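Heads up, the next two complexes both have subunit A, just with different partners, subunit B and then subunit C.
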Partner chain A sequence: MNRKTLFQQIYDARWCYIFVFPCLVITSLFVLYPIGMSWYFSLLDWTGFTKDAKFIGFQNYIEAVNDEFFWNAFFRSFIFMFGTVPVKIILGFIIAVFLNNQVLKLAPFFRTIIFMPVVTAIAIIGIVMTFVFSPFNGPANKFLMGMNITSGPIDFLGDPNTVLPTVMGVYVWKWLGITMMYWLAALQTVPQDVYDAAKIDGAQGFKLWFHIILPIVLPFAIVIVLVEAVGALNVFPLIETMTAGGPFFSSEVMEVYIFRTAFVTDSGTMPRLGYACAAGVFWGVAVLFITVLQGIWIRKTRRL
Partner chain B sequence: MSKYLNFIAERNQIRYLVISVIFLIFSFFWIYPLLWVLSASLKTDFEIWGGLGLIPEKLIWENFERAWFGANMGRYFFNTLIITFFSVTIVVITTGMFGYVIGRYSFPGKKILVGILISTIFIPQGYTIIPIFDLLNNLNLSKNLIGLTLATAGHTPVIYILLFAGYFSRIPVELEEAAKMDGAGFIRIFVTIMLPLTKPVVATVSILQVLHAWNDFLLPLVITLANPGIRTLSVGVYAFKGEYFVDWSGMAAASVITILPIIVLFLFMQKYFVEGVQGAVKG
Partner chain C sequence: MKKKNQLKVSRRTVMKGALAAGAMMSAASIPSKLFAGEFNIPDPLKPLPTDGGNLRWIDTGDMKGVFWNKLFPEYAASRGITIEYDGLPWKEINKLIPLAVRNGTVQDVFQIPLNMDPGVAVSEGWVQPWDDYIPNLQEWLAGFPGGVYLPGVNQFGGKTYGICLTANKRTGTCLLYSKKYMTEAGYDPEAGRMTYSEIRDAAKKITKNGNGQYYGWIIGGNQVNRWEDVVHTFGQVAGAHSGRGGYTNRHISFKTGKFQIASDQYMEAVELLLQLKSDGSAFPGVMSMNAPQARALMPQGAAGMIFQGPWCIGVWAKDAPNWEYGIASEPVPDGKEAQPLYIAEGGSNTFWLSKDSKMGPFAGDLMHFMGTEQGQIYWAQTVGAADPAVNPTAVAKAGLTGQSAKALSMFNENLLVGPNPIVRNKDVGLVAAKTRIPDPSLALVIQGLYTGQIKDVEKALKDCNQRYEDELDRAVEEARAEGANVTRDDWVFPNWDLYSNYGADKYSEL
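What follows is the complex of A and B.
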């Protein structure tokens, strides 16, 4: 067989390139170009509103790693991740196991209800939740006091000790429907014969789930963990609308920090786009590092 | 024996009844915040903070009037509608074409292209937002809806491409070969044979993009900082909170204007929402 020359191959595939082109242009403009430019911007001393940008090398990075607020936000993002992802994974799994049962007639209805917050605009959820958790007659406090669980109102979002757990709870509530759908997709790959065979062998309850079902859904579980982990690091809209990082920066995660240093000027400081980009690049690389680690983990388990 | 089976069946029935009741109570609490904002949008401010009840004494439709005209939500509604509609159109056409080629053909450079795209899946939005803001300013697209629409369409097409590519790759080759025999060209095969077969994916991708475009927050917030006229609903409600923070009922009405269209869409097209979401882990 005579191989075609590269030129010939390219010519034959000319339509392929034409078809790829429109999407490639958009991706280049709004994904690839911004990635590249944020590296460049991160080396500038620049407000973003004037043309005079000064090249300062790695000054922004040095300043970031010496900023206490930066590291607080950095680690708070991971606290957020480790606090929400396991809860979502376990709770989502339990609900999916119940709703996967064909005998439960109301399962589709429950599925719809649990999924409902997922389709609701996240910024609106954040704003509505500031009402729900208001210390002044908010429904959450009304309920707790009506049931005699607490004696006085709790300032859920105004107290640095309760603000992060509250936001994490709302986050789990908002996105649990997605986790449940992931698990349902995983459970639906378990063939009915497996259940039947297991029952004949007398495997029930705990044994059935741990020794038979879990190994089948494990490859899914790892992808779910990866998707959930990255998702929990991108929580800007919820936190910005619920607390804007407050009180006293106690709920400021990384993206809120970037947004604040880049665009928020009401404390009298100048916006600093260059510095914010440096923080963003640092953050992006950290997230990428975690993703790659998890990717390697996925590959290893899939091969086994 | 039959007595024993009856006993088992009965026991199971009771078990499912108990589970259903527990889930019903759970569902009510789960959905309560959404019901609460819906009822608040039709109450007076005084009534909102008066109790936990969900039924308003009298329906106050003026709340919606205040939000729609006074707080400009009407305008933001149409902004959001335009951005959503055009970004969906752009995304479906471009990712559909891309997915078709990736799913069915091999050509020099394909692996590199796919590799670049895959590597961008997990880029956080906070990472790219500043250059996008700068780019739209430089292109003079930050003062109208065009820039915002394009940027919304450009955000995360990778998962859509994979959905399209997976579906196209499963269409049998025979269909295509028969058409080629009849003298159909590349574009004609794509438009008349392939596209009609992919309606389910088109629906799924459209739904996912509607969800993304309608509910997006960081991008429209940043782009419209200096241009309140092109705000979307989410940003509009957020600004509402800053400007009229004592008008609780008006804000509840504005929230309902934002979330109700998508909830209704979800109730009617649930199947595609589910498929789109599950596609992310199945792929």
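What follows is the complex of A and C.
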């Protein structure tokens, strides 16, 4: 049998290629080209202002890995991720279990309430939360003082010890609805027969959920963890609007660090687009690495 | 059957009514002066295009915005064009302008980013000269005080690229205070410049009197430049003589050419801020508010003192006309005499004309009007001390009264023109273009000291000073490697008399 040449194969599948072409063009313009250019820019000493970009090889990368603020922001991003993802996953699961109960008549109402922050613009939430947590007449402090929990106002966003937990709390609240929806989707794949059979066999409560339902939804859990982890590493708009990384870098995660070095800041420094691109590429590779690890974990789990 | 007459009020009607009522209430709260058609705009000196157009203008707003919003509609109507104005804070200008230039959407008239060397804007082709658009340019320029238009600052290659309508004779850290709270605390800043101890004591007493309802002192602490501005200016008043402005002037003693960041005067100023905090006199939550938010809390009675600029005067006049406040010079350490503050020659709020602008004739015509004595009087009458008009005669004729007049008189008393390395050697501009403010900057270091994340004041300021020195050395070397004829000696002015203006005669002596 004659093997078809590559050209013949392409010709035979021409309609596939024609339909894929617009997507390829858009992906190239808005994904591949910016990624490629950021790699190139990362090798330049360039403010982004001027034409006199100078090729400096890997100097930006060397400078970044020797910068303590880079590493502080790097690890703070992971603190943010490890501090929010488990809370969201567990809380989202518990809420989904309750709201998945057909007996609960108000389930759609509660689902809507919990999901509402998800559809609210994140920048709006960030700005509103600066008022909510304001030490001067902010409702959070008024509540705490009104209930005699604290004697004076707490500067939630101005105190280096409270700023990151506060932003993490807002992040969890904002996105909890979507985690709940993932879990609800997963739970609804469990056939009613399984519940019925389990009940007949005497499995109830913790045993039912831990030994029967959880193993069924585990593959979904892995995907949810993957999505949530990557999401928790992309928190720029919330942090920029709530704290801009302050005070004194206390809430500066990698994206805010990249933004700060790419553009002029309050302190008036000249931007360093080349350096910011190097930090961005480094960060992108790190996130990719984590994603690959999680992908391997998913495969292993599916084989179980 | 006869239908009953019923009063039907739809939601839409209610909304319309509410909007109308809101608009009337808003209008009632704005001084009537803002509605007056009060500008006598002269006919253009040169024929203008008759096909109209849209003039786009962007600057840092504040009181400038108040003035432009009054003038632009009248000017546009008189010339048959439209004007689109945007007033944004520096933080936004710094980000927006480079992107807009890159993608070809920059406004016709704009301000360049705060730390960008003007020479770079010219050499990169962002801007075009005003020479072809401002009628009788040389005669017009001669109407400005000496030192406003300078080669290397706003003039390049014999052409004028930057237009300054305002003077830079002001400080941003005056003592602004509630008269009621200060009187209750037993102090009168108008009687004489307050000392650090008095500020601290007054803040304590105000806080005590406030009993948790108000505090002694407030600052917009998440706007980091406020920390640096206070320490810088207080340090200068205390005797750390240094320049103001960009990286290549700021904090540098022109006697030695070295940074003053680790000086005793700077440390004392930082200590004052830390003491205000440790005394419990600082408003709780200063770290989560910016300067405008802190300023807005003053008339609400939240604090007794704030260190800010004269731009508060116009804002408070509009937002809290009945609030009684005072303005005074920056405090001085105990037992010391206040020293002069130094500004660089030149104006402020420099306006640049986009290279691709087709509205140059109109922008030039408008600039010409604003540079005349009448235009400057109009400016001074609205903007007052916030951004003082550059023409002193016009300021005198504007008949300013109250806090604006007081602030201007204070600035005249406290400020002198100091040396400016870029006037001495334009290649200093190439160094400015190479500099990167070290990380963490002085502003952030002070913020870190205030939050307690950095403990040792002396070590922190010494380290910071060294970072600034190293960075200037590096920038000078890099500029030299690219052909600039510049050395650190360009920052040393041996003939600088601390108590007189540094003018053209002094430069010629060097």
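Here is the rule we use: the second predicted complex is superposed on the first by the 296 of 304 C-alpha atoms of A that agree within 3 Å, B and C clash if a C-alpha of one lies under 4 Å from a C-alpha of the other, contacts with A are read in each partner's own complex, and residues count from 1 in each chain.
Everything that follows uses one rule, which is that a residue touches a chain if its C-beta (ideal position, glycine included) is under 8 Å from a C-beta of that chain, and two chains touch if they have at least 3 such contacts.
Not measured: the values here are computed from a predicted model.
> Look at A:Ala13 in the shared chain and tell me whether it touches subunit B only, subunit C only, both, or neither; answer first, second, both or neither.
So A:Ala13 only meets subunit B here.
> Looking at subunit A, which partner touches more of its residues: subunit C or subunit B?
B
> Quick one: classify A:Phe136 as touching subunit B (first), subunit C (second), both or neither.
A:Phe136: touches subunit B and subunit C.
> Between subunit B and subunit C, whom does A:Phe206 touch in the aligned arrangement: first, second, both, or neither?
In the superposition, A:Phe206 touches no partner, neither subunit B nor subunit C.
> Should A:Pro160 be classified as contacting the first partner (subunit B), the second (subunit C), both, or neither?
Touch partner of A:Pro160: subunit C, not subunit B.
> With the two structures laid over each other on chain A, which partner does A:Gly48 touch: subunit B (first), subunit C (second), both, or neither?
After superposing on A, A:Gly48 lies in contact with both subunit B and subunit C.
> Where does A:Ala276 make contact in the superposed view: on subunit B (first), on subunit C (second), on both, or on neither?
First partner only.
> Once the structures are superposed on A, label A:Ala123 by its partner contacts, choosing first (subunit B), second (subunit C), both or neither.
first
> Contact-wise, after the overlay, does A:Phe263 reach subunit B, subunit C, both or neither (first, second, both, neither)?
Both subunit B and subunit C are touched by A:Phe263.
> Taking the contacts subunit A makes with subunit B in one complex and with subunit C in the other, which residues are shared?
Comparing the two interfaces on subunit A, one with subunit B and one with subunit C, the shared residues are 48, 130, 136, 263.
> Going by the contact rule set out above, which residues of subunit C touch subunit A in the complex?
Checking each residue of subunit C against subunit A gives 90-91, 94-95, 98, 113-116, 120, 124, 212, 221-225, 228, 246-247, 283-289, 297, 302, 433, 435-437, 439-441, 443-444, 447-448, 451-454.
> Enumerate the contact residues on subunit B facing subunit A in the complex.
Interface residues on the subunit B side: 12, 16, 19-20, 23-24, 27, 30-34, 36-37, 40, 49-52, 90, 93-95, 97-98, 100-102, 105, 107-108, 110, 113, 116-117, 120, 122-135, 150-151, 153-155, 157, 161, 186-187, 190, 211, 214-215, 217-218, 221-222, 225, 233-235, 237-238, 241, 248, 251-252, 255, 258-259, 262-263, 265-267, 270, 273-274, 277-278, 280-282.
> Taking the touch rule as given, give the residues of subunit A at its contact with subunit C in the complex, in rising order.
Where subunit A meets subunit C, its residues are 48-51, 67, 69, 130, 133-136, 152-153, 155-160, 243-244, 246-250, 263-272.
> Spell out the residues on subunit A that touch subunit B in their complex, using ranges where they run on.
Residue list for subunit A touching subunit B: 6, 9-10, 12-13, 15-17, 19-20, 22-24, 26-27, 29-35, 37-38, 41, 48, 98, 103-106, 109-110, 112-125, 127-132, 136-137, 139, 142-143, 146, 173, 178, 181-182, 184-186, 220, 223-224, 227, 230, 233-234, 236-237, 240-241, 254-255, 258-259, 262-263, 273, 276-277, 280-281, 283-284, 287-288, 291.
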